[in-house]
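First the structure, which I've put down as structure tokens, then a few questions once you've had a look.
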Amino acid sequence: MTSDNRLFPADWQQAPRFQGMFSFMRLPISRDLSKADVAIVGAPFDLGVMHRPGARFGPRQIRIASAQIRQYPATAADLWGPFQTLRVLDYGDVDIVAAYIDENLERIRALLAPVYAAGVTPIVLGGDHTITLPALRAAAATHGPLSLLHFDAHPDYWPPPSPDRPYHHGTVYRAAEQEGLIDLQRSVQVGIRGTISMAIVEECRAAGFHLITADEFAAQGIAATLEQIRGRVRGPIYLSLDIDSADPAFAPGTGTPEVAGLTSRELVHLVRGLRGLPIAGFDVVEVAPPYDHAEITALLAANLVYEFLEICAARPAS
Amino acid sequence: MTSDNRLFPADWQQAPRFQGMFSFMRLPISRDLSKADVAIVGAPFDLGVMHRPGARFGPRQIRIASAQIRQYPATAADLWGPFQTLRVLDYGDVDIVAAYIDENLERIRALLAPVYAAGVTPIVLGGDHTITLPALRAAAATHGPLSLLHFDAHPDYWPPPSPDRPYHHGTVYRAAEQEGLIDLQRSVQVGIRGTISMAIVEECRAAGFHLITADEFAAQGIAATLEQIRGRVRGPIYLSLDIDSADPAFAPGTGTPEVAGLTSRELVHLVRGLRGLPIAGFDVVEVAPPYDHAEITALLAANLVYEFLEICAARPAS
Amino acid sequence: MTSDNRLFPADWQQAPRFQGMFSFMRLPISRDLSKADVAIVGAPFDLGVMHRPGARFGPRQIRIASAQIRQYPATAADLWGPFQTLRVLDYGDVDIVAAYIDENLERIRALLAPVYAAGVTPIVLGGDHTITLPALRAAAATHGPLSLLHFDAHPDYWPPPSPDRPYHHGTVYRAAEQEGLIDLQRSVQVGIRGTISMAIVEECRAAGFHLITADEFAAQGIAATLEQIRGRVRGPIYLSLDIDSADPAFAPGTGTPEVAGLTSRELVHLVRGLRGLPIAGFDVVEVAPPYDHAEITALLAANLVYEFLEICAARPAS
Amino acid sequence: MTSDNRLFPADWQQAPRFQGMFSFMRLPISRDLSKADVAIVGAPFDLGVMHRPGARFGPRQIRIASAQIRQYPATAADLWGPFQTLRVLDYGDVDIVAAYIDENLERIRALLAPVYAAGVTPIVLGGDHTITLPALRAAAATHGPLSLLHFDAHPDYWPPPSPDRPYHHGTVYRAAEQEGLIDLQRSVQVGIRGTISMAIVEECRAAGFHLITADEFAAQGIAATLEQIRGRVRGPIYLSLDIDSADPAFAPGTGTPEVAGLTSRELVHLVRGLRGLPIAGFDVVEVAPPYDHAEITALLAANLVYEFLEICAARPAS
Amino acid sequence: MTSDNRLFPADWQQAPRFQGMFSFMRLPISRDLSKADVAIVGAPFDLGVMHRPGARFGPRQIRIASAQIRQYPATAADLWGPFQTLRVLDYGDVDIVAAYIDENLERIRALLAPVYAAGVTPIVLGGDHTITLPALRAAAATHGPLSLLHFDAHPDYWPPPSPDRPYHHGTVYRAAEQEGLIDLQRSVQVGIRGTISMAIVEECRAAGFHLITADEFAAQGIAATLEQIRGRVRGPIYLSLDIDSADPAFAPGTGTPEVAGLTSRELVHLVRGLRGLPIAGFDVVEVAPPYDHAEITALLAANLVYEFLEICAARPAS
Amino acid sequence: MTSDNRLFPADWQQAPRFQGMFSFMRLPISRDLSKADVAIVGAPFDLGVMHRPGARFGPRQIRIASAQIRQYPATAADLWGPFQTLRVLDYGDVDIVAAYIDENLERIRALLAPVYAAGVTPIVLGGDHTITLPALRAAAATHGPLSLLHFDAHPDYWPPPSPDRPYHHGTVYRAAEQEGLIDLQRSVQVGIRGTISMAIVEECRAAGFHLITADEFAAQGIAATLEQIRGRVRGPIYLSLDIDSADPAFAPGTGTPEVAGLTSRELVHLVRGLRGLPIAGFDVVEVAPPYDHAEITALLAANLVYEFLEICAARPAS
């Protein structure tokens, strides 16, 4: 923007094309944190993906799908949605740069840190799961080590393939633990599955995670799982929801789908069951629109973000 | 068709291109009501859709998918399908006109009225949900106010946005109630869900509907739901099945999918459980083929129509 | 928006879901006409479509595809793009209502009239071709009868099917002529084709149009066609570009594709050849994203809008 | 159909599911040859395909796409379409059986033979190119050896892989020549291309074919090609058009696409240029809908069939 | 391969294009049976399909999808996957020929017979269900009549349409029984469903099959089903898994999907529950990639093959 | 592979899932350079993409599509394909690592360097255009600065956005020039287009490139363009072909398509016209399968690689 009255489009080198201002639920777009309780933030980054890329288009598509979510005048206070009490802004996207992971992780952290510092709760739309690492860095700077509540098909706790290439979307919690961002003893993983991952499952459990596999979840059900979660988490919680926790039938648009996953009903009810918990930060990651069809994965993600807003509206006063 | 022996194709201005004679299960195509007990009628209309259009191609695609349904010689009477006792015709499509909703609603009513008057049961292939309004007008002219049995993600009971624009696919039952076509006290809605619809849910219940949300259905199961339905409906029943009652995983090809919906198994079993009820009219609506893949939504709809035929074959003698 | 500090998402009944603020080339979004020379306006309307609907998603998808168009600092004046001299705003979308054509045509006219009155040039993103009628009404109110320059596979000059249903996307120019909005003697149609349309072609020519069929265009080439156009148009011109002027290979995402059409190269060069003409209004219509793949139709449309901007920047001082 | 008044759907074992009565241009469906000059016949067979199957759905999809072709009242005789003088029926489909090629080839021949015998011209909708062999058998029974006019990317003149497996879609003309169905000296192939096919090209030429490769066609143009065709064919002609003569951009929905092919404009103009030739039989083959998108391949095929009808209407009186 | 040092690509006439060496889980490709316990064999054949073809691409796509299955170093013996004890080779594909079913069935049998004879367990990747017949011929030559364990939506026990056309993918077990390849009294079918198949269901039961319909499975659950299976099978077992046993939401990429099927979770748990049984041969059939999306059907099949490997690793010593 | 006889699948952490051994034209897979004249090398890397990722699947899909290319016994020497004189191996893929660009560029260079050193010509299958930089590094180490022959929609000569992030797919030739890998005075770019790229076009020309825009190419034709190329290049040439040089109608499956591009016919003829030139290295880049349909983009790329082989076979003896 120059000082004269000429107007220029966004510069494709500064602002990647997959990024843009399609606001969530067509909420106001603003970076005025003084006017918000919750900020929706896009992190259109997918350089950490190991298999099918495309999650960089996740924020855009989740926002588009969110247009379908209803919010309309109601006649009784308790029937009103979260917007009666919660001020929600679409904060826009992190300015992602091409090709370099480190710079992007720092940019994500840098955008989120002042949000947390201002007492505003960010809901991050990924992007691949790598974005949870800088999100946790920003969260922990304000809240200290967090309880992690993690819905995913994969534990994302693998050691890095090489010390000088520490990050990809499968090493996130290993790094987060080593940096002291999360406290595994207060953390829960739900939905883990996939062929012969028992070795890494055992490693997660040995490290402290309370890990509920998809099979265990199927056997014990939603209520028991929620009870285990509530018995485990303490203090400020970070909720990270990888859309591949859902079965590929419900969420085909993702990078590394795993069969025999959760149904959308189970996932929505699980998240809805978290109301009342003091969750300090949220993300939904790994929505890869090039593999979606009929927008069903993005729609599921948008609904889960809506459930996050309900959690925010229902949080205990701190 | 002229009086000489020349033959002309259908006129694209009189008969829209999305309409045509691809018969359901390749049954005979005829408008001779004296030869039928049930008439399959296409209503390729989608001007009432608020989000993703395409349901105008629903009748064509359901008919195509219906080719997969089997009917073959069987060796024992009780193993025979509904065609042993039921005369089913494909009655063809309503001649839809471009761009004007009122004319189309009247055309749909006008085509169905003589079907009901002749004592033939129509099964209407939509088209968007707006087509249920003229279908109810035709049904009520013969049967009086009906019990409505409604499977849907949405209650479709919203007030119209403006008095001079009374109709779209979300105002159908509000209008039907005001015209006295349905008796809410004898009516049931199953599968309602979607973000913060509790206000409209409460309004439906206050108006008289027995409304079973998708969550309540999931909690209570098929048998209890069928029991509630049977305890509620009385007199001639109209069954309207919006394919978005199914979860987007099972029915992606629809205009306003809602996550956390019914599985195809639940939906088929629910409909199968209605055998024995005196259902006077049927429709399956909101199949939008441009959003379908591998024809799975149309196939589900075709199977549900087949279940409707079984209901017709099993109806108590009146 | 209420007077307190609560924030609400867009209301799905007032603002349809397929509409939204994804700005063209991520230009500033504003309705301050004092700051603009050109206004990009979305008309997400497709109730006038006779075959495959979906053009209501055209404005959104063209805006998304426009993110790929480059605009970057250049070192010499003549290398600079149109934004050096032209102030372009994204004016947003017409608020479309469900199901009723008349109200929507009036809303489109009403939004565009003050744009023309303010001396700002609108570029309308359709929507189906019906939207050109209210656009011409708005243009003629300021400019009087216009020269029509029309790129299309179809002449859209058919008589209405019934006097009380005057409008659909194939009757637009018949209506515009009768209302005195366009002067056929100063008007040109390019690209007309499709099976046995010679009768309507003759009727168009008899009425005054200079009509260049796709076959004639293929035979005579771009330069001769441009010469004929320049020899014919006079006074303020309205340029309406139906994306189905392009062959389905180049523009599959449209409602009524016609084989043997123009290539994207031909179409871009034709439009580029119009620089210097005093074009007062523009539209690009009939982009139907549900039938597009890999976004190629929307991308073609976005590039053509960019060419429109170049025409605006190159217009003779009035 | 039984003698009582019960009605049964088509039997899936006798009538395959991919076959059915969706009439071309929604023309009357009939097998009364006394009322027809031209019969559209579907041959939904693709067991002869070597690479991507799916052409069994070709007849259905071409018929569906044909709904878009216009035929409307015109005001002058010369503007009227072919239906003014030509009686065209949709004759329906050959009853294809599963899994066995020989039986199917015989069934195709058996259905077409009486059509030719009755002096009616069949236009066969394939199906893969194997169906041309029985079509030629039926044609030659009435007309004797035919001039073959063949548009294709491939010469389909390969020797069979084994004497006891003589047929697949690439051996058709080798077999036809050996059976004396076609006279290579009066035959032309246009559009042949694909990597290093020069050996088979030379073999075709040595055998008598006038073969015009796609490269030669591109160099010499439409007019010269038509001149060569007219100079070569004599006597009754059989026109076989493989949709893969078109470039994959224009006809992606086919089994063995070859790059650098004809444009739809070139193909339509070539066929249109054949008016006046005494063509006795036609087919369009290898439309494989599972690989099509936005129906563009089927639409091209439907338009080419329409051009065939124009050729029939323009044939010299015999 | 010639004796000089020139290298040639595969010959498209000898080796069909849909066949190739993309190894399962990127295991070594070899035909040295002395080095293997299990051999993955592709049978890219789909001439027996009655509705939607494409299963010929099944082996290729299952192999591609299998790249996503993990196998990595583990720290404890019981956490190790099946490759610690099981030597698994990718044996490559049967050389399928075009157009003739009999030759192909013999080729499939001939490739598998020495595998069984060498004491190696084949896992066959179909291809359509017809391939199970030659697989059973090969298995029975070594093992004698087998217990059949069959997961499918269809019983595939229909009588052939004609004595001289005995085979298609729906007559497999009728033929296998008549040839004495399977012992119905020791055989189980699970997942049978689809409209009015009760006649054939009764016929299967009368013939000796223990048949568990999809509805019965849904009512009784996984554990009871496994118990019934274990109570029924005896001696060497052949496990044939048709991917259409899964619901179309979980496996859209198949030829004849049937609604109201098994979930992926149910299917995986069912197969996992078979560990310990002496299964002598396996196949997974009817994966039709042209109808798949986001590769979810192929991924489900690949995971089921992985479960087969676990069964092999867990087999009792013989 | 361990020293015992156990066999393990590929490790997903060492060998990414999108990489694998699906050989080009099913040629032998080997790294024995002593047996090859040409080596096909996959570089499944797309971290340098600025817009739509997915080119990491390019090598796999080009190899799959290459199965359709024919090579069969011929009867005359001049009709034989390139394999009569040229030994071609599929060399496999570069082992790509997740998330880090620098390591990958070095791995690509390191794999190619010994190929060049051995006097073998590599044909690299991308991957995004960034891979050309390490390919040029490897080529220049053997051949010194090369003539660049570059077919593309974009000049890829932009300055890097930041000195510490020097590489992405648009900065390749800027870096190559600065490193002395290419000699711009001997280099040609063909096909450049896209909105207002005239500034960068001028910059390229000022730097020394002979740049032929897509518009200039369209005006002057293939022969004149080939003449200009032949007049410009000298010494060893590197040919880099970005598939987006083709129009999106012909190559939708790419990251940054640009309208008004070359047809497949033009592109094939251009490449074919290069026979006789001493080309030392080749690549085809930016095939992004997630955006392809019916495999047409991959098929075009596979055919262009075949044309490269013909160039290699026709090279003058050095």
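To keep things simple, chains are lettered A, B, C, D, E and F as they appear, and every chain counts its residues starting from 1.
Methods note: a residue touches a chain if its C-beta (ideal position, glycine included) is under 8 Å from a C-beta of that chain, and two chains touch if they have at least 3 such contacts.
None of these values were measured; they are calculated from a predicted model.
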item	value
Neighbouring chains shared between chain D and chain E, ordered by label	B, F
Homomeric contact chain A-chain E: same or different residue positions, threshold half	different
Remotest chain, chain E as reference, centres from CA atoms	C
Chain A and chain C, separation of their C-alpha mean positions in angstrom	40
For chain C paired with chain E, centre-to-centre distance based on mean C-alpha positions, whole Å	55
Residue numbers of chain D (touch at least two other chains)	12-13, 17-18, 51, 68-72, 247, 249-250, 263, 291, 293
In contact (per the touch rule at the top): chain pairs	A-B, A-C, A-E, A-F, B-C, B-D, B-E, C-D, C-F, D-E, D-F, E-F
Contacting residues of chain D [partner chain C, same complex]	68-76, 79-82, 247, 249-250, 263-265, 268-269, 293-296, 299-300, 303, 306
Of chain D, residues touching chain E in the complex	12-14, 16-18, 46-54, 56, 97-101, 103, 130, 158, 161-162, 165, 167-168, 290-291
Chain C residues touching chain D - in the complex, by the definition given at the top	51, 194-200, 202-203, 214-215, 218, 247-249, 252-253, 256-257, 259-261, 263, 291-293
List of chain E residues in touch with chain F within their complex	5-13, 15, 17-18, 20-28, 35-36, 60, 64, 67-72, 83-84, 87-89
